[in-house]
Every structure is written in structure tokens, then in C-alpha cells.
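Have a look at these structures, which come just after this line.
After this come two complexes, each holding chain A, first together with chain B and then together with chain C.
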Partner chain A sequence: MNLERIMQIDRRIVYLFVAAGTILPIVFVIGLPVSITPPVQMAFDRMEDLDPGDVIMVSFDYGPSSAPENAPMADAALRHCFSKGIRVIVIALYPLGGLSEAVNELNKVVAEFPDLEYGVDYVNLGYKDGAQAAMRKMNENIHEVFPTDVRGTPISEIPLMREVRTYADLELCFSLATGIIGEWWANLVNAQFGLPVIVGPTAVSAPKYYAYLEAKQMAGLLGGLKGASEYERLVLDKYPDLERVYATPGLYTATKGMDVQSIVHLIMIAFILFGNVVYFTGKRRPRKAA
Partner chain B sequence: MPSLGTWLAAFFTLCMLSFLYKDNPFFRIAESFFAGLSLGYYIGIVANQTLKPNLVLPLADNFSANWHLLFAGGLGVMLYFRYIKRVAWVSRWALAVYVGYYVGVNMMQKLHGEVLPQVGDTMLSLSWSGIGTLWNVVMVVGVLSVLIYFYFSAEHKGAVGGISRVGIWFLMVSFGAAFGYTVMGRISLLIGRMVFLVNEWARPLIGLIT
Partner chain C sequence: MRKQVPLLLTFCAGMIPIVALFVPERHVSTVSTTLDSWLIIVAGFALLLGVVNVVQMNTNKIRRKTSGWPYAVVLLAGLAIMGTFGFAGAFGGFGGIATRLDGTSTPFDWLYQNAFLPLQGTMFALLAFFMASASYRAFRARNVEATILLIAALIVMFGRIPFGEMVTKWFPLTTEWIMAKPNMAAQRGIMIGAGLGAASMALRVIVGIERSYLGLGKGE
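After this line comes the complex of A and B, so read on.
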């Protein structure tokens, strides 16, 4: 076999393998098992410690560009809240599509729970620019930061918001985050105002959140699609009624996404091993000839 | 039959993926559309969700109680003076307030939210109390050796060089973990697009044809 030719393999052939490894598990769902890691278990346990009727804030700090990772987290978190009777205040602090994601995911999940009442069990306060300033100000008065909800209703006319004026009236904040906004929940809101925070960041930014988790500045961490799939598993195990939702054909879930993720990782590992074997074999040959 | 929106989304997704073959006009068009739409969306959302409820409506509804908002609105307007050469200096005043605010916020945030808790979390007990102590040792050794690696006032020779080499190993492990997570993140984005193409575009299309 000509090693030189193998070393010069067109990168587009690698792309074809990755494409096949991505599409096939989407069409033929495998259902690989999901193992639970401590950071996600901590997040789930912290949520389980809440009582029905407690109020939490869910902050959509991501946009469509990272939705495949963050949206399943948001769905699982909202389903967990509504299954347990936790009331939810939704906000969006990410400028490029945070609000669209908040509206879409909230509408999708609320439709699965027909008994929920807007303004009583949940509310969407919409988007606010200048995330860091908004997060600081909410410690003094959420009503001044969000004078109306996303529909333009004055906040004083929303029954749920009559009970909530500052972070002190909330039990927790669950941030689904891309970029730095999730960090601000840990190093600003938790550190300075003491509100417990769970963050579901994208995988790219997940490693740095471990420092906050270790320092107990966060109550839990869902790292990327893997974290989302673990949370989905925990919610499903605790609330088996949700199987009716997760079994919907064509519904994208983190657990299904992790099937694809695992297959593509295997393909990449195979290519890395193959490349190294060919490289080192080729390197040894000239020495033998010499 | 997929909707027009789905067709458009599928078309632009394929345009973007076409870059994997090679750079081409379809990719460039999709890229420009994305940049333009993002900017338009941002302007619209800030106007509707921030300027309107937090500035325009309070001033219109009760000016005497909210007149102080004019200062914030005025500072925002002042930023645009930079486009008029003769009065461009005015924008610097607004920028100074903006920078001053965030410097103040960030100084406290970094100290209170990062430096103190993280330093505190590194002060771990090294007296033996089970297997957990080993992790404490790894943590302390890792932090100190990496700090020594970034200490440039002494030449990295002898003991300092040896410790900084240990620091490099810790950095390599952290880079490896970060890179692994990055790969996972990027594949997740590919999965998102492929799920859309397969489930929302191709499947209804094939269903229609067959």
C-alpha cells in the first residue's frame, strides 16, 4: 500500500464519514445508555429540594447558534419545574436570539402541560439589553428592569410578579448559557447576592464552570449536550409520565443527540489512530532503508 | 410538503455546509444574509424590548416621575455624535461614563466573585484524612506550579524550571479537556443542523415523493 497516498487523503473523505455517522443514527435511533455525573446529579437534587409553589428564574442566555446543546437543557429544566409544580419566571439576556429561544421553548413545553396558567404558574418577561447591568439591578428591583412582560402587559398586573420583587423572593436561577453571561450568574449574582445558581453552558465553555462548581458558587452544572442528556434521564426516571413527551416521533432530545455524538467520536478516534499508525509506519521505513 | 420557511432554512444550511467542499458564492451569500439578519434582529429587539418599555413608555406615561431617564437616553444618543466630525468629542463623554460604570462593576465582580472564592477554594487541608487528601494535593500542586510557570521575573532554570515544567503538564491536561469539550460542542451544532435537514426537510419531502 502506498503510504504517501494514504497520508494525502482528501479531508472531504473524512467529512463524508462524519456526515454518514451523523445522519444514520438520526434516522435509525440507537438509544445508547446515559451515565450520570455528579455535577448534573447536584443540579437535579437541588431542584428536587424545592417545594411545589416555589419560584425560580430561568434565564435564556443563548441563541439559535447553540440551541442544539442548550434547548434540550431548557426543555428538561422547564418540564422538571412544571412536573413538580415549581413556578417559573423566564427572562432572556442573550441579544442574538435569546428571546426567540425563550418564546419557542416555553411555548413548546407549556403546550405539554394544559393546566398551566400564564401569569400564575409561569411568566415570560422577555429580553433585556446590557445583561450585567440588568443582573445587578434585579437584586434591587426586578420590576424596574422588566416594567412589562414580553406581551407588553405591565408587570404589576401579573399575579406571579406581585410576589416577586428581588432575588430574595426567588429560590434559584437556572441559566442556559452560551458565552460569558452564565459566568456572571455565578461570579456576580451568586457571589454578591447569594442566589443559588445552576448553569447549563455549551460544551465549549463548560470546563471553566468547574472552578465555580468546586468553589460552591454554583449548585449544579450541565455541561453541553452530555449534561443535557443526563438531566433528561434523571427527569424521566423521576417523572415517568414525561415518557409520553419524550417518545414523540421526530422530537429532538439530548439523549438522541448523544447517540450521534458517540458514533462521530468513534469515527474521529478511528481516524486519529489510523493517521498516527500510518504516520509512524512511514517514519520508520526510511530509517530501515538507510 | 415542507413550508417555505423550512425550504429557506434548508437552502441556507446547505449553502453554509457547501464551504466544506470549497469556498463558493452560495456560501458567501448565506454568510452575508446571516450577518445582515443578525444586525437587523438585534436593532429590532433592543428597540422593542429595552428602549420602548424602559425609556419611551415611562417618559410618555409619566414624564414628571421619570424625567431622570433622559440622562440615560441622552448618554445613548451622545454615542452617535462620533459620526459627526465637528462634535465627535461628545461621544467620548458618554463612552467615559459607560467604561467607568463597567470598570467599577467588574472590579468588585472579579474580586468578590472570582479572586476571593477561587483563592479560598485552593486553601485546602493537606493533612491526611483519606483518599480525598490526594485530590487536595493535586489541586494545590497544580495551582502553584501553573502560577510559577506564569512567573516571568525569574529565569525558568533549576527548581523554578522544574516546577514550571510540572505546570506545563497541568496546563496540557486542562487544554486537552477544553479541546475535547470543544469538539463535542461543535459536533452538537452539526447534529442540530442535520436533525433539522433530516426530520423537518428531507423526511416530509421523501414522504411526499413516495
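After this line comes the complex of A and C, so read on.
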């Protein structure tokens, strides 16, 4: 067999395998098992330690490009909060669609809990530019950073916000992050102001968060879609009532997404191994005399 | 004056947050948080500067008919349309920029859902295809370092999916160890290096050694 030809395989064949590995698990849901890793367990336990009525901040620091990874985290975190009676202040610090993602996910999850009251159980304060500056300023006064909510209601007229003025009034911040904003929550807000922080970053940026996690600057970490699927599993195990939500036909969940990711990972592993086998076979074969 | 005033402003803007961090005095922290409020406004204007830059670059491209100029037209049209609805929405026009209270989409939200979201999603999704192709061609155990990287990558990739655990429970455990120990140590090294670099650069700017941001010519 001509090894050179195998090495120079048409990239469209690789694309075809990846496309098949992506589409088939969406059509035929496999439902692969989910095992729990310590960083996600830490995040879940930290949330479970909160009492009903406690207030946390959920910061939407991602846009549509990473929504398939971050949105299931946001949904699972919000469902966890609302199932437990934790009150939620939603903000968005990411300029490219953070606000729209916050509105989408909040609307979706709130519709699953008809008893929730806007302004009492949850509030959406909208988007603020200048992430680091806004984060620093919120330690002094959240009301000055967000004078109105996303609907234009003055913040002083929102019952939930009358109880919350600074980070000291919050129990925790849950950042769903792409890029560097999640890091700022750990190395600025936690390090300087002491607010416990859980970050749900994309898988590609998850490795750097381990440094903050090991330094106890973060209370938990949901790394990419895998982290989201683990959190979903933990929330479902603790709150079986949510099965009605997760069983909704057509609902995108991290567990379903992990089917796709697992198959594509396998395909990539197979290609990498195959490429190396071909490479070493070619190296060992004696070269023909010129 | 063109030099001294910006240098003085930079010195004050740089020193105030540093002093406020170490001096827990109310007057100092008040000045610092006021500066933070200004910074939020300045960041808003920086965004505007970006828009102006995009418009200038792309109008020049269209005027000169350089290669790919039709894409510049599409970009500017997208900017104008989204910008118009976003700007109007921010002032209460068209029902705002999010969904309306009755759940219907505002024009900005409709464009976001039906144009921006699928386009961004597509761009990001394409990475999977390029990565698969690139890893097949380039991820080779050519030397010791590349072999270590390859083995670590394969273990992490396999340990991150349920199939890894089906083979042996050591895959997820080893994956977590790689992430929490060697990876974390390397990340710390990078972060400390970057932090020291950023701190020294900040000091150079604050004390006026680094002046390239002033945009002055030689000898000024």
C-alpha cells in the first residue's frame, strides 16, 4: 500500500467522518453514562451548602459561539437555584451576545418554574461594558453599575435589589464564561473581595482554571460540555422532579451534546493513532535506492 | 504640554488603584471607585472607537476595490442594520433589544436569533473539522517532547469521554491528575510569568518610561 497516499488523504474524507460522528448521535441519541469529576462535585456541593432565600449572581460571560457548551451549564445552574429556592441576580459582561444569551436562557428556565416572581426570586440587570471596571465597582455599589434592570425598571424599585447593594450581600457568583472574563471573577473578585466564585468555562480554556481551583480561588469548575453534563447529572439526581424538564423532546442538554462530543473524540483519537502508525511504518520501511 | 499632561494623567490613573489597594482609607477608596466609574464610561467609548475603526478600514477597502471588498460591504451592512436596531432599542425603540414582555422578538433579538447566532455557531463549529484534519496530519510523535504531548493529549481526550471509563477507570482518574497537577503547574508558571510581565509593563507606563501609547514622533 502506498503510505504517502494514505498520509495525504483528502481532508474531505476526514470532514465526512467528523460530520457523520456529529449528525448520527443527534439523530440516534445514545445516552452515554456520565461520571462525576471532583471540580464539578465541588461546585455542586458549594451550591448545595446555600440556604433557600440566599442570593447569588449568575454572570453570562459568553456569546453564541460557545453557547452549546455554556448554555447547558447556565440552564443547569438556574434550575438548581430555582429548585432549591436560591434567588438569582443575572448580569451579562460579555459584549458579543452576553445579554441575549442571558435573556434566552433565563426566559427558558423561568417558564419551567411558574411560581417564580420577577424582581423577587430573580432579576435580570442586563449588560454592562468594561467588565473589570464593572466588577471592581460592584464591590462598592451594584446599584451604581446597574441603575436599571434590563426592562428599564429603576433598581431601587426591585424588591430583590433592595436587599443587595454589594458583593457582601451575595453568597456566590456563578460565571458562565468564554475568554478571560471568568478568570477575572477568580483573580479579581475572589482574590480582592472574597466572593466565592464558580466558573463554567469552555473546554478549551478549562485547563488554566485549575490553577485558581487548586489555589482555592474558585469554589468549583465546570469544564466545557463534560462539566455541564456532570452538573446536569448531579442536579437531576438531587432533584428528580426536574426529569420532567430534561425529558422534554427536542430540548438540547449537555448530556445529549456529550454523545456527539464522545463520538467525535473517538474519531479524532482514531485518526491521530492511525496517522502515527502510518508515520512509524513509513520510517521503518527501508528507502529505495535512488 | 502634549507630553506632560498625558504622562501626569497616566501616573495618577495608575497610582490611585494601587494606593487604594494598600491604604484602607475611605477618601482614597472613594477616589479609586470614582475612577472605576469613569473607566466603565471610557470602556464604552473604546467600543465606539472600535466601530469607527471598522468603518474606516472597510470603507477604504470598498473605495480601493481591494480583494474581498464585497465582504466589507456585507460587514458594514450588518453593522449598520444591527447597530440601528440596537441603538434604537437601547433608547426604547422597537420594544428594546431583548424579547418583549409578551415573549415576542424585538427586531434586534430577531436578527440575533436568526443571523448572528447561527453565523457565530457555524464559525465555531467549523473548528472541529479543521482540528480533526490538522491533528491527523500534524500530531506526530516525532521526538520525546512531542511524544509526551501526544500521550497526555490522548489520555485526556479518552478520559473525558465515557468510553475511556468503560475501558478502565484509570483513564478519568489519570485525566484529572494530568489536569490538576502537571497542567496546573504549567499554567501557574505561565500565569506568574505573564503577571510579572504585565506588572513591569504597567510600572513602565505609570512612571513614564514606556511612552509609545502617546503616539508621539521621534524626538518629541
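The criterion applied here is as follows: the second predicted complex is superposed on the first by the 286 of 290 C-alpha atoms of A that agree within 3 Å, B and C clash if a C-alpha of one lies under 4 Å from a C-alpha of the other, contacts with A are read in each partner's own complex, and residues count from 1 in each chain.
Following the convention adopted for this analysis, a residue touches a chain if its C-beta (ideal position, glycine included) is under 8 Å from a C-beta of that chain, and two chains touch if they have at least 3 such contacts.
Every value quoted in this text rests on a predicted model; they were computed, and no experiment measured them.
When both complexes are overlaid on chain A, the residue A:257 reaches chain B alone and has no touch with chain C. In the overlay built on the shared chain, the residue A:66 is in contact with chain B and with chain C. Look at A:217: by the touch rule set out above, it reaches chain B but stays clear of chain C.
Contact with neither chain B nor chain C is seen for A:170 once the two complexes are overlaid on the shared chain. Using the contact criterion defined above for the overlaid structures, shared-chain residue A:191 touches chain B, although it does not reach chain C. Once chain A of one complex is fitted onto chain A of the other, the partner contacts of A:107 are limited to chain C, with no touch recorded for chain B. Applying the stated contact rule after C-alpha superposition, one finds that A:23 touches chain B and leaves chain C untouched.
Once the two complexes are laid over each other on the shared chain, residue contacts for A:147 go to chain B alone; chain C is not touched.
Within chain A, the residues touched by chain B in the first complex and by chain C in the second are 15, 18-19, 22, 65-68, 95-97, 99, 128-130, 132-133, 136, 145, 150, 152, 192, 203, 206-207, 211, 214, 223, 226, 261, 264-265, 268.
Touching chain C in their complex are the following residues of chain A: 7, 9, 11, 14-15, 17-19, 22, 32-35, 37-38, 63-68, 95-97, 99-100, 103, 107, 128-134, 136-137, 140-141, 144-145, 150-152, 192, 203, 206-208, 210-211, 213-214, 223, 226, 258, 261-262, 264-269, 271-276, 279-280. Those residues of chain C that touch chain A in the complex are listed here as 21, 29, 33, 36-37, 39-44, 47, 92, 96-99, 101, 103, 109, 112-113, 116-117, 120-121, 123-124, 128-129, 131-133, 135-137, 139-141, 150, 153-154, 157-158, 160-163, 165, 172, 176, 179-180, 183-184, 187-188, 190-191. Of all residues in chain B, only 20-21, 38, 41-42, 45-46, 49-50, 53-54, 57-58, 101-102, 105, 108-110, 112-114, 117-118, 120-121, 174, 177-178, 181-195, 198-199, 203 touch chain A in the complex they form.
Put simply, chain A touches chain B in their complex at residues 12, 15, 18-19, 22-23, 26-27, 65-69, 95-97, 99, 126-130, 132-133, 136, 145-148, 150, 152, 184, 186-188, 190-192, 202-204, 206-207, 211, 214-217, 223-226, 250, 252, 257, 260-261, 264-265, 268.
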